[in-house]
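Right after this note come the structures.
What follows is subunit A paired twice: with subunit B in the first complex and subunit C in the second.
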Partner chain A sequence: MTAAVEFLRVSRHFGPASAPVKAVDGVDLTIAEGSFFAMLGPSGSGKTTCLRLISGFEKPTSGTIRIFGQDVGDIPPNRRNVNTVFQDYALFPHMNVRDNVGYGLMVKGVDRRTRDARAEEMLALVKLEGYGDRKPAQLSGGQRQRVALARALVNEPKVLLLDEPLGALDLKLREAMQDELKALQSRLGITFVFVTHDQGEALSMADSLAVFNEGRIAQIGTPAEVYARPRTRFVADFVGSSNVLPPEVTRAFGGPMKWASLRPEMLRVTAADGVALAGTVTGIRYLGAGSRLSVALNGTEVAALLPAGQPVPEPGATVGLAFDPAALHVMEGEG
Partner chain B sequence: MTSPTPAILPERGLADRLTALFWRHPRLLLAVLLTPPLLWLGVVYLGSLFALLLQSFYSIDEFSGVVKEEFTLKTYAELFRAQNLDIIIRTLVMSAAVTIGCALIAFPIAYYAARFARGKWKAVFYLGVMLPLWSSYLVKVYAWKLILAKEGIITWAAEGVGLSMILNAILAIPGIGGNSLSTSPLGTFIVFVYVWLPYMILPMQAALERVPTSMLEASADLGASRAQTFRTVILPLAMPGVIAGSIFTFSLTMGDYIIPQIVGTSARFIGLAVYQLQGTAGNIPLAAAFAVVPIVIMLIYLTIAKRKGAFDAL
Partner chain C sequence: MHSDRASLGLKIAAVGGLLFLHLPILLIFLYAFTTEDKSYQFPPPGLTTQWFGVAWNREDIWPPLYLSLWVATIATFLAMILGTLVSAAMARTAFFGREQISLLIILPIALPGVITGMSLRSAFSIMDIPFSTWTIILGHATFCIVIVYNNAVARFRRLSGGILEASADLGANSFQTFRYVLLPNLGTALLAGGMLAFALSFDEVIVTTFTAGQQSTLPIWMLQELVRPRQRPVTNVVAIVVFLATFVPILIAYYLTRGGSETAGAGK
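And then the complex of A and B:
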């Protein structure tokens, strides 16, 4: 399998060389051809800068970026066969939907008839047949998003970059678009690189994902790997809000003297008597499909997911906690 | 539990009573705010415009010099006499040239200010653009007369660096050249461009400011060269600003009667013609007819601009 995108020790620093802001700091990354790759991280973690390094809107301070094996250090954005769905969609307000979608072909000198036909095909692909004559201002957020997608796909890019494309949509629409994007990707076979701060979105859509923190990649892997075996405290907390246990607590929980992650859904809430781990309920958050209990245990706050249908203890009650020792994941990395 | 603060706060006098009044009748505030300017615009401005229009349909008795208050198109026909048509065409060509000149110089400045200037440099930009407006218009025009004069700094500098040949060659071009820069149509053009430039830069900059960077990136991302992005994205989106600026430069040039008197060949422009006709000649109807010309030209200009889609991005 070829690598669609490769980062070799790539850094992007802003500001003066004496006190640089390290937006991206020594990132190594390989994105396999045909995969759905997510870049996940909080705002300011460098994920969007990485995306812009691929599209060419940022130049690396150091390091090498290759797209399908070719060094793109000297290639401006318009010559990279990589297209972007922008966060604000960036549709041209003075052009109708058809001209927006056909823009990539227009600048290549494709004649009007051909590009109108292609634009119509792309609109059909994103289920917007018959919207060609409208202006972007006349569309809803979800429709604009689809136009942006059609416009980015019209050039048949080798890699499609999506910068938080679902961020502006409401929940229902977002879920529908997640399924559609996923289906579209497997149908077209194009490599998708998807930037998001929503860990649920990244877990459900990506074939593999990179978790960014402070300009570096904290972990790369499949969603299942990252979720089950977070490498660092940051990953454990950011992906699925795990219980991050300090070494002493890990030992109290029957593990080694190391930082560990224990997923809230792996904890069972039991009666307080006759168990090794007992604590006081300090807070209850109702989630619909269950409740999330905060339990104070030897001075550590631990979250446990209580499935719906089970009796919910009162705040202040003493409860016991039990778990399968295999669920306690000891973390190797720091930070 | 009773709260120490009441659910409804007591009214605190006139300000609160007015607030309540405007809240109950939302249109009232609008009416209060709009009445004075509407009176001003409606009565003073539109009224005088109408009076002007009316005057232009009267004519002057050639023997007595008295205005005949009868409806006629005779005065308008006079505009088409060779000498008057000459004035109109000269003004039109100069206004168009000044507008294009302003647009060409203003665009890079406005583009820089909108896209790259931040913080302190933005303040420097505004100051730089507005600074010329602080001094009197007449002072600036006379200053330019000295700069452009035969004994002025431009001729002197051209001699100093050995470019007199080029300056003389430019001055020898018929139609735009002359004895010196300060007595040539080119000089008039330079001063007009200088004086009206801020009125082109500011609306252009406002229009460019509204074009998000992501739109330019989207264009490049889809394969457009810089030139293509300029032609297909930046220019159409900046067009309302360019048109707004050109309305200023165009109409200000068409109406000006001072600059052509001080710098240039003393050939008459519409503004000067109006000034002389209503003053020394006492031919109010023809002055009015002349004054209607810029209005008609502006209307034609805006209609064409609208047809060409200049306001699509509004």
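And then the complex of A and C:
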């Protein structure tokens, strides 16, 4: 498989060379052609800067970026075959929807009839037929999002960059758009690079994902790999808020003297007598599909997911915890 | 209980204040029609429109009028180019000393006109630049730039910076981005700034006094005319012309930038 995007030791530092802010620091990355790739991380972790490095709005301080094998170091944004769906959509307020969508063709000199026809096609693709004459201000957030998508796709980019495109939508719409984006991607076969801070979104949509922390990639892999085998404490905690166990607790849980991750849903809550692990319930959070118990055990707080239908213990009660030893994931990395 | 309606006292005070400000302007209009041409007596002994004809035929009015129009046009033109460029620089990049430079640009409008006038006059004489139409234009451009700058910088701030990037992202070069995205969004602010600048320049007296040689702009001609006891209503006729030449652009500017607090610097 060809690599759509490659980062080779890419850094982007801001500020003075003596005390630089390392927004992106020595990132190596390969995004396969036709894949749905997510860049996941908290704000300020460098994921958006990475996206802007691909689109060309940022230039790397050092390192090489290749798009389909071509070094893009000297290629400005307007000459890269890459388009972006911006976080705030950035629709042109003075143009109607049709002209917004057709803009990429207009600046290439495509005549009005052809580009209007193409704009209508793109609007149909995002299910906005008949909205061509409206102004962006007359659209809802979800509709603007679709216009931004249609506008970015009209140039038939080889890579589509999406910068937290669903951030401004409400939950219901967001879930619908997640499905649509995913379907659109597999239909068009374009490489999607998706930036998000929402780990649920990244896990459910991406073919593979990179978890960013402080300008570096903490882990890269398929969602299943990253979820099941987080490489560092940061990944374990950020992706799916796992129980991150210090070495001595891991030991008590029957593992080696190392940091480990244990998913809350892998813990079974049992009666307190006759089990190796017992602790005190310190908190209960009702989640609808179950309850999340906080259990104080060996001086650490451990979260356990209790499926709905099971009796919920009182706070202060002593409960036992059991789990499949295979679920205890020992982490290799630090930090 | 708090009430949204103003009290009677406040209303009277507000109306009184507005009348105090604007009644004298109406009197200017009234005296353009008086039959008494030596002094302004109230009420006017009779009304006539003859002074419009007299003003039209007075040859000494035309050169100052042309000069004022010319100065205002060129000063506005210069201000629109320089003001737009400097506002683009201020709005789009952060650099060391940006706030200080921003203050320096606004300063000509904050400084009393006498100071600007004096400093320009001494600068021109140090540099051995003879006073001419161009020295007046330079003087006016100093404060016209501020007006254009204020309007443009406010619009730049309101524009989501993303749309310029979006344009580049979709393949537009810088000229296309300027032509299709920036200009349409900046256009009304620039036009409004230009009109305000034109209006300010057209009736400027203080800086003009310091930077003009033997020439008179229309406001200066009026000042000289008022001390002469002949055909006084002609001055009032000219005042109406000045009023229209400045008020109409300001009104248009107001409507163009409605909905944003961006006609900053409208009142020098």
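Everything that follows uses one rule, which is that the second predicted complex is superposed on the first by the 335 of 335 C-alpha atoms of A that agree within 3 Å, B and C clash if a C-alpha of one lies under 4 Å from a C-alpha of the other, contacts with A are read in each partner's own complex, and residues count from 1 in each chain.
What we mean here is this: a residue touches a chain if its C-beta (ideal position, glycine included) is under 8 Å from a C-beta of that chain, and two chains touch if they have at least 3 such contacts.
The model shown is predicted, which means the values in this text are computed figures rather than measured ones.
Novice: Label the relationship between subunit B and subunit C on subunit A in the superposed model as either fit or clash.
Specialist: clash
Novice: Using the touch definition from the top, say if A:F14 reaches subunit B (first), subunit C (second), both or neither.
Specialist: A:F14 sits against neither subunit B nor subunit C.
Novice: So, does A:Y103 touch the first partner subunit B, the second partner subunit C, both, or neither?
Specialist: It touches subunit B and subunit C both.
Novice: In the superposed arrangement, does A:A90 touch subunit B (first), subunit C (second), both or neither?
Specialist: The answer is both, since A:A90 touches subunit B and subunit C.
Novice: When the two structures are overlaid on chain A, which partner does A:Y286 contact: first (subunit B), second (subunit C), both, or neither?
Specialist: neither
Novice: Taking the superposition on A as described, I'd like to know which of subunit B and subunit C A:F57 touches: first, second, both or neither.
Specialist: both
Novice: Which one of 4-12, 130-138 or 166-174 is the stretch of subunit B that crashes into subunit C?
Specialist: The overlap with subunit C comes from subunit B residues 130-138.
Novice: Residues of subunit A that sit at the subunit B interface in one complex and at the subunit C interface in the other, please.
Specialist: Touching subunit B in the first complex and subunit C in the second, residues 55, 57, 76-79, 82-84, 86-88, 90-94, 103-104, 106-108, 151-152, 155 of subunit A appear in both lists.
Novice: Report the residues of subunit A in contact with subunit B in the complex, numbered from low to high.
Specialist: On the subunit A side, the touching residues are 55-57, 76-79, 82-84, 86-88, 90-94, 103-104, 106-108, 151-152, 154-155.
Novice: Okay, in this complex, where on subunit B does subunit A touch?
Specialist: Contacts found on subunit B: 212, 214-215, 217-225, 228, 232-233, 236-237, 309, 312-313.
Novice: Taking the complex as given, what residues does subunit C use to touch subunit A?
Specialist: 160, 162-163, 165-173, 176, 180-181, 184-185
Novice: State the interface residues of subunit A toward subunit C in the complex, per the touch definition above.
Specialist: 55, 57, 76-79, 82-84, 86-94, 103-104, 106-108, 151-152, 155
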